[in-house]
Every structure is written in C-alpha cells, then in structure tokens.
C-alpha cells in the first residue's frame, strides 16, 4: 500500500515575487511534491494556505499518512483551529516533515514547546550538509556530505528540544553551524525538521534534497491505525482493575466521573 | 546564594473539600513549601490561583529560580497570558517542577507539545516508586524504592515526549506502571514531572516525597542569567559575518529586515 | 527482498534440563526462529553456541541482517573474538535483538558500556507488559498490555544507558517494575533488548511475544549497505580539504601518517 | 567540600617532541590541572601514564570525584585492568572528562560501546565552537561561540552513541563540522567528551577552554556515595518479595543461587 503524503505550501512568495516564481513556476509545493513522488512508492497530493481551512480539513488529514510543511510569510495567518487539528493528527500517528522557515510555523512551535528561534542571513552562501548519523533511514543513499551552493544561513543556537536523533549538521561559509536534520516523536507521530529550502534558491530541485524528502516521508509513515485513545484519560473503575484491589481511603471523585482538564 | 523557589497552588480543593482541608489545613502549597524549605538552602514563597494574575506577575517570575506547580480543578481557568509568561521564563532558564494532576495543566502541555494523557483510578491503592536512575541528582539520598500506601493510580501510556532521563517508575497494586519521574529541558529551563500527590492523601507529608521535591528544586535551578536572546531571531548582516563572505544570488529580504514569524 | 534473521541460541539448558527440553524440544532457538518466520517476510536461520566459532563466522554474519541472541549459562565461554566480530557487524548496520538473560551476554555489555545488572527472582510470578510507546514499530499490533502468567522477575535498577526510546515497561506480581523493551543505536546498528524469556516457562510460544520478535526484526533491519567506513579514522590531506586552507602551525604527524589508536 | 579532580596525562609528546614541550613545559596535565584549579573550589591532582598502574590505583580512584583524561600515542599500552577499574568507578559515580584524542582511548571506547572514529587533519586551521545548548552547566559563562585560531580538525561522522545532550558543535575552516561537546551517563557516572586540545597548539592555555574544563568537572561530580550495588545482580528470595507471592512453576536455580554471568 502506498504511503499517502500531503505537501502543504504557503504559496505566497511564488505569487508575489518574480524571482521565486521563476524558480518554482508551479509553486514550491508542486516541486516538493514531484520530488517525493519520484520513486513511485508514495502517493502525493498538495494543499495550500489559500484554500478553505488551508486545505487541511479533518477529512483530508484523516487520509494523510505524512504531512510536509513549507510556510513563511503567513505563519500568523494560519488558523489556530487548523493547527490544533494537525497537532491532534500527529499525536494519533500522522508523520510531519517541517521544512526550512517552517521552524517558526505555529504547528512546529506547538509540537516542540519551545521558541524554535535561530540566527539567519540571506547572502546566497554555501551550505555543506554533513550526515552525522550514517545509515539512519532518512540519510539512506546519501553521500557523507553534500553541498547547496546558494542557501540562506541558519545558525545555532536553534531553540528546539534535544532531538531523539540528530541526522544532519550544516556548515556555513560565513562561519556558523546548524543542526539541519533532527527527529522527534510526539504521541504516535514522527516529526522531522529539515533545514534547507530558502525560496529564492533552487534547493528543492536538488537531487540530494529530494532524496532526503522521500526518505523522511517513508521514515515518518504511521505504524498501525490512528491512536485515538491518546486524547482520552480514562477513569479505570476499581472493579475493572487488572489485579484485585479493594477501594479504601477518602475520595474526591464519584464513580465514573471524568477527570479535570 | 539561596535558590528562590515559588510554590504555586491551585488552592481550591482545600477550600471546598473537608477531607483535603483536614490533611492540608493551610493549603497544599504551604505543606509543599515547607517540605522544600526544610534544609535551609532554598528560599521558598507561595502563590495561588486566586491572586491577581494568579500571583505570577512578571516581577514575581523574574525573581523566581524554580517554580513548583500543583493544579487540578481549575486548569482551564488559568489565564493564557500567564501561561505564556511562565513558558517564556522557563525558556529563559527558570526551572519548573510539575506535580501530579499538573500533567494536564496548560503550562505542562504547552511545554511538552503532547496531550499528556494517562489512565487513573482513585482507590487509595499502594504505589511503590522505584529509582531507575540511581545517583541522579533528583534521587539523591533516597532508598532503592519507597512506598506510598495510599495513592491515586496513574497508568501508562503517559503521552509525553521521550524524557531526557527517566528517574522513577511506579508500580501500582492494581496492576499498572507509570514513569513517575521524568526530566526535560525546554530552552534554558529544566523541567521535572513528579507523579505523586493526590489531594485526598497525605503524600506531601511523606519524607521521601519531600526529599524528591528539594532535590528537584536544586537540580532545576538556572545556570547563569536569564537567556533573553532565546526570543530573538537575529538577521546577521553579511558585513558582520564571522568569516568573510560576499553576498550573492537573489534576495527576498531587505538589509536589516526582520524575519517572518 | 526478505530480511535475513539469524537466531543464536546457547542451546545448553535444553540439553541438560528435562523441564526446558519438554517446553522447547527442538531448542529455544528453533521456537524463536519459527515465531519470527511466521509472517513469511523474514528468512530465518539458526546458529548455536556449540558450533565452530559458535556458528558466527564472518561469512555468516555478512549474510545476516538481524541477529537475535539468547544466552545464559555459557556467557563467559563465548569467544571474545566472536563477540568483537558481532560488535563490528552491529556498528556496520546489522540489527541485534538481545533476549532476557542476554542482558549479561558479552555482546550486550560490550555495546552498552555498562554492567547491565538487575534484580531477579525465579518464582513463576505474573508479568504484565505495558506498551508505553504506542505505535512504535516494535509495538505494532499489540494490545495496550499483555500478560505472561509465569515469568522470572527482573527488577530495576537495570544498569543500562538511557534508551533511545523505551517501548515496554513490566509490572511484576511481587512488586517490581522493569524497562522490558528498550532501543539503542550503536554505529549504524539498531539494538533492541526484550526482557521476557526464562527457559523454564513457555514464553516463546506466546503469540504477543512472537509478534514483538517479528516487529523487532523488521525495525532493526539495516538501512543500506554495510558501513565499513566506521572502522576508519582517515587523515584528510590539506590538499583535499573541501574549502581551501593553508597549512600552518607546528605539526606532530607526517603527511599521510595514520593516527594513534 | 571541594570536588576532587584528577588529571591524567599520557605525558609522552611533552617528553619526545620539542614543540609540545615548549607549549607545555611542565606537561599538558599540569596546564590542564591549573586551569581546573583556578577558581579554588576544586582540588586537583595529576597522574601520568608512566607511573605504576598509570597512577590509577584503586586507592587513588576511590578518592577521585572526577577524572580528566588526555591520551594519544600510548592508547594501546594502557593496561586493560586499569581501564576496567576506571570503568567500574565511573559506573559507581565518578565523573569522567575525555579530551580530544582521548576519543580513541580504551576507556572511552569501553564506555561508549562504539568505535569512536572520526576524520582528522593537522593543519592549524581555525575552529569555531558554538554553544548549541546555552545555559547548560558546562557552557556556563561562555560567549555564544569562541574560536581557537590553531586547531586540528576533527570531522563527522563521529561514531559515538546519540548523546544525552549536545552542548557544543564546531565549525572548521576546511569545511567540516563536529559535535565537540557531548554528554553521557554510564551507570551513576557522568561523562563529557570535549574535542579541543591538539598537543602542538596552546589550546589548554585558552581561557574559554579552561572555563569549559572547570564547568565540566563541576557538572560531572558524583551525587552521593559510590554505587557499589551496580556490580551485583541479587537473587531476591520469594520470602523477601515486597508483595506476597507464592512460588510456582518449574525452576532452574536453587534457592540463594547466584545467576550466570
């Protein structure tokens, strides 16, 4: 069964900026989607900011295994209810790949619980991406390092939680370093942040970047059905205890009562 | 210099429920505060839900090294702006100890990025807390395990991110287990979640529990001054690059422009 | 392409002890191998302690994707050279599943760098295994918890490094808890330790245990070719530096010289 | 009570090489020891390879809170029994700071369980060390980054386990990156690996490096008494079970018997 990926694009720079449009004439999301679809084992669709509910309805998300997110200028305009809906799907098991400027997206900050801040410089400098975790599924088929001749610099400290595993670290010509590929799990969902992808450079046309995207989608696919129980906090009756116990001591709650949230 | 701890109590059950009042006649926060103050190396003050801004003004938080949080019934009534203020202070370095039902507090869920759900049963059953990380600073001076004869059960799965380190795991009489002591870092701030502390039992009068609280406050104290820079995402000018680089390629941003959030 | 699993059995208790033989008449390794082969996507072979080089020649290991290890009485008799050979293959990417008493095997201690000690009691007590990381690939298809009515107790503290992810925690009838399913990576190799499997009980005939074994083998399969470069520490000549640099300052090593090990 | 640090130096290059002697006329260990002693809260002594038992007798180690290790040329000549003794003390709680070429020391490889390999180049190039975990105790008082104008390059992939926390990442002039400050726990002992310190450059005279060393010693100090129980695997009699259980099922071991190792 094919993995179902959904590439979400903000789709604003491509409409407003001639340079970005010239690199991504059909939108960044389209180029990203084609890169992911290239091997034929992943079904890819796209959604954009401008659609109703940003194209991320409950129905669409329920049919999505892995969501890929590129956003930048409109972070604040993304609807909070949609963000919460995406977070819930991640907790249930949907994979999430956050790209580049998406470090400041509401959904990434929501799931990290940190500011996700960093340094930046838009100077078209060279970035060299080192694989620090060789044979990690996300690095499959990559060389020891690869270069993006023109990229925006992102510099440490990157205010994210300690990753589950660090896969890539970038070297920048101007003297900075950055943890460019980091993994997390939130509930049943896998999350991968991948740094490259400034809108004024042809990053998503790069073969190594494309491979990382495909690898990441495969790595982040759900294992098993949606974990709906993660939203619940069941009050287990004494009579259903796995080992026989006798209720004792003072109580606050009535039998079958729900807990406070 | 003494560590400055602030114990925050919801202070509702003590007012409404005769049983809770009988165990904690001066409020749970007062008992917790005394437990923390017992060794004399920590200055402890208290704040409660009912105060203006829940007693957690910017000034108060700026003078707090470690915040200890007990909340339950009024989770939803805690002001969002105060929650955000506390989160910002944690990122800057303030320690945070979250107790028991605080797993569902806004501040804990905000910092974890997960639902923080779990199973529960209020049956006054026996809990045995095992130290799985002996000589961790938070377990200092504890025996290999200790018991709380009457406690509420919390059962796995506990929907939190993989901890930095797991310190305690609980055994429950009714057949469940729980990761009862788990550590995290968010920005510059240390976070410790400690499970025990149901309001209808005398848990915070227990000597081992009191020791855990003191240890945790010491462990979570900030290292150095508040990390205010964590809120910024500076645009580093090419002219200030650490290594000489020449700007090239197309640009989206103007010099000195701020990034999008 | 099928995953190639190799089940290594110590094969001593089955020969010496009537009880063990009655449960595992063809050897524990055979039962374990059949459990792993049940879905048909994994090719399984076996090797035993009594074979030359314990059946773990370089050739055999080179053709193994995932090695499953059950040992107990003869830990000390396992040849150090074979242990080192297995460790090298793990670093290159071979998966390793260590079962039960294998916590004290040379290979597990070698890869953990810790004593791997624990408490134990052979009393046929009930073990309840909780999935604390639902939808982890290793927990796929399992219920929230499952029971082994007769098992040996293993109790914390378990002297292993903090796991990459904790998948299972066990509750024991006698009052202990144990981290029964823990994951690690060492070099390119995935490692999973799984607690159950005392030789005098029919644990490896249990359907849930069998499912864990299959899941674990799939999870631990290598990603890509053997990472032979992990054994090298190349001296990168200045003339091959990725960025042009000029050699300067005093030197200890001659050009092309190997480093000290 | 002062922390008791012991600086272990290989003390060979200083004896054999004029350049190294000119930078460290009293030995590298002496310079390192002085850097650590500078604030007055740490008692520092030294030991060298050439002493009987390399100066690391059981008595010496028992009186050591944190051991700092610089070795290179004589890695293979370090006595295996001494290595095992040091490992045991780490498991019991002694801190261990491994410096630079110590990545290939027997003790570091023993505790990591990996090859600890890396790339290297001795060209006196510029290293810029970034603090990626600001306000970590080991980074206390440091600027956001600092430079060592002349250093040996170490490049990724660095074949170590995923760290507990990554504190520093280095940028190198020639195009590489390296995780230069990484933390681990093994048993009760804290371990910190710190990259800089090639013998032909004056690295240990650098004020920032000295501060890292002092911070690391404080961070790695033991919490509580030596954890001798980590070496044991006690057979807990049924009669001493914490919860009443009845022995049942077939047994392999006799009452009070020791387990197999």
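Chains: A, B, C and D, in written order; residue numbering restarts at 1 for each.
We take it that contacts are C-beta pairs under 8 Å (C-beta built on N, C-alpha and C of every residue); 3 or more make two chains touch, one makes a residue touch a chain.
For each chain, UniProt lists the protein as follows: A, B, C, D = ThuA domain-containing protein.
Predicted model only: the values in this text are computed from it and were never measured.
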item: Comparison of A-D and B-D by number of C-beta pairs in contact, larger one; value: A-D
item: Cα-centroid distance, subunit A relative to subunit B, in whole angstrom; value: 27
item: Between subunit D and subunit A, distance of the C-alpha-averaged centres to the nearest whole Å; value: 36
item: Approximate Å spacing (C-alpha centroids) for the pair subunit B, subunit D; value: 31
item: Multi-partner residues of subunit B (each touching 2 or more other chains); value: 128, 133-134, 144, 155, 157, 162, 164-165, 173, 175-176, 185, 230, 242-243
item: Chain-level touch network, classified as line, ring, star, complete or other; value: complete
item: Touching residues on subunit B, where the partner in the complex is subunit D; value: 93, 128, 133-137, 139-141, 144-145, 164-165, 173, 185, 188, 222-224, 227, 229-230, 242-243
item: Of all residues in subunit C, those that touch subunit D in their complex; value: 13, 17, 19-20, 72-76, 87, 91, 101, 104, 110-115, 117-125, 150, 153, 155, 157, 159, 161-162, 164, 173-176, 184-187, 198-201, 230-238, 241-243, 245-253, 259-261
item: Subunit A residues within the subunit D interface of the complex; value: 128, 130-134, 144, 155-158, 162, 164-166, 169-172, 175-177, 179
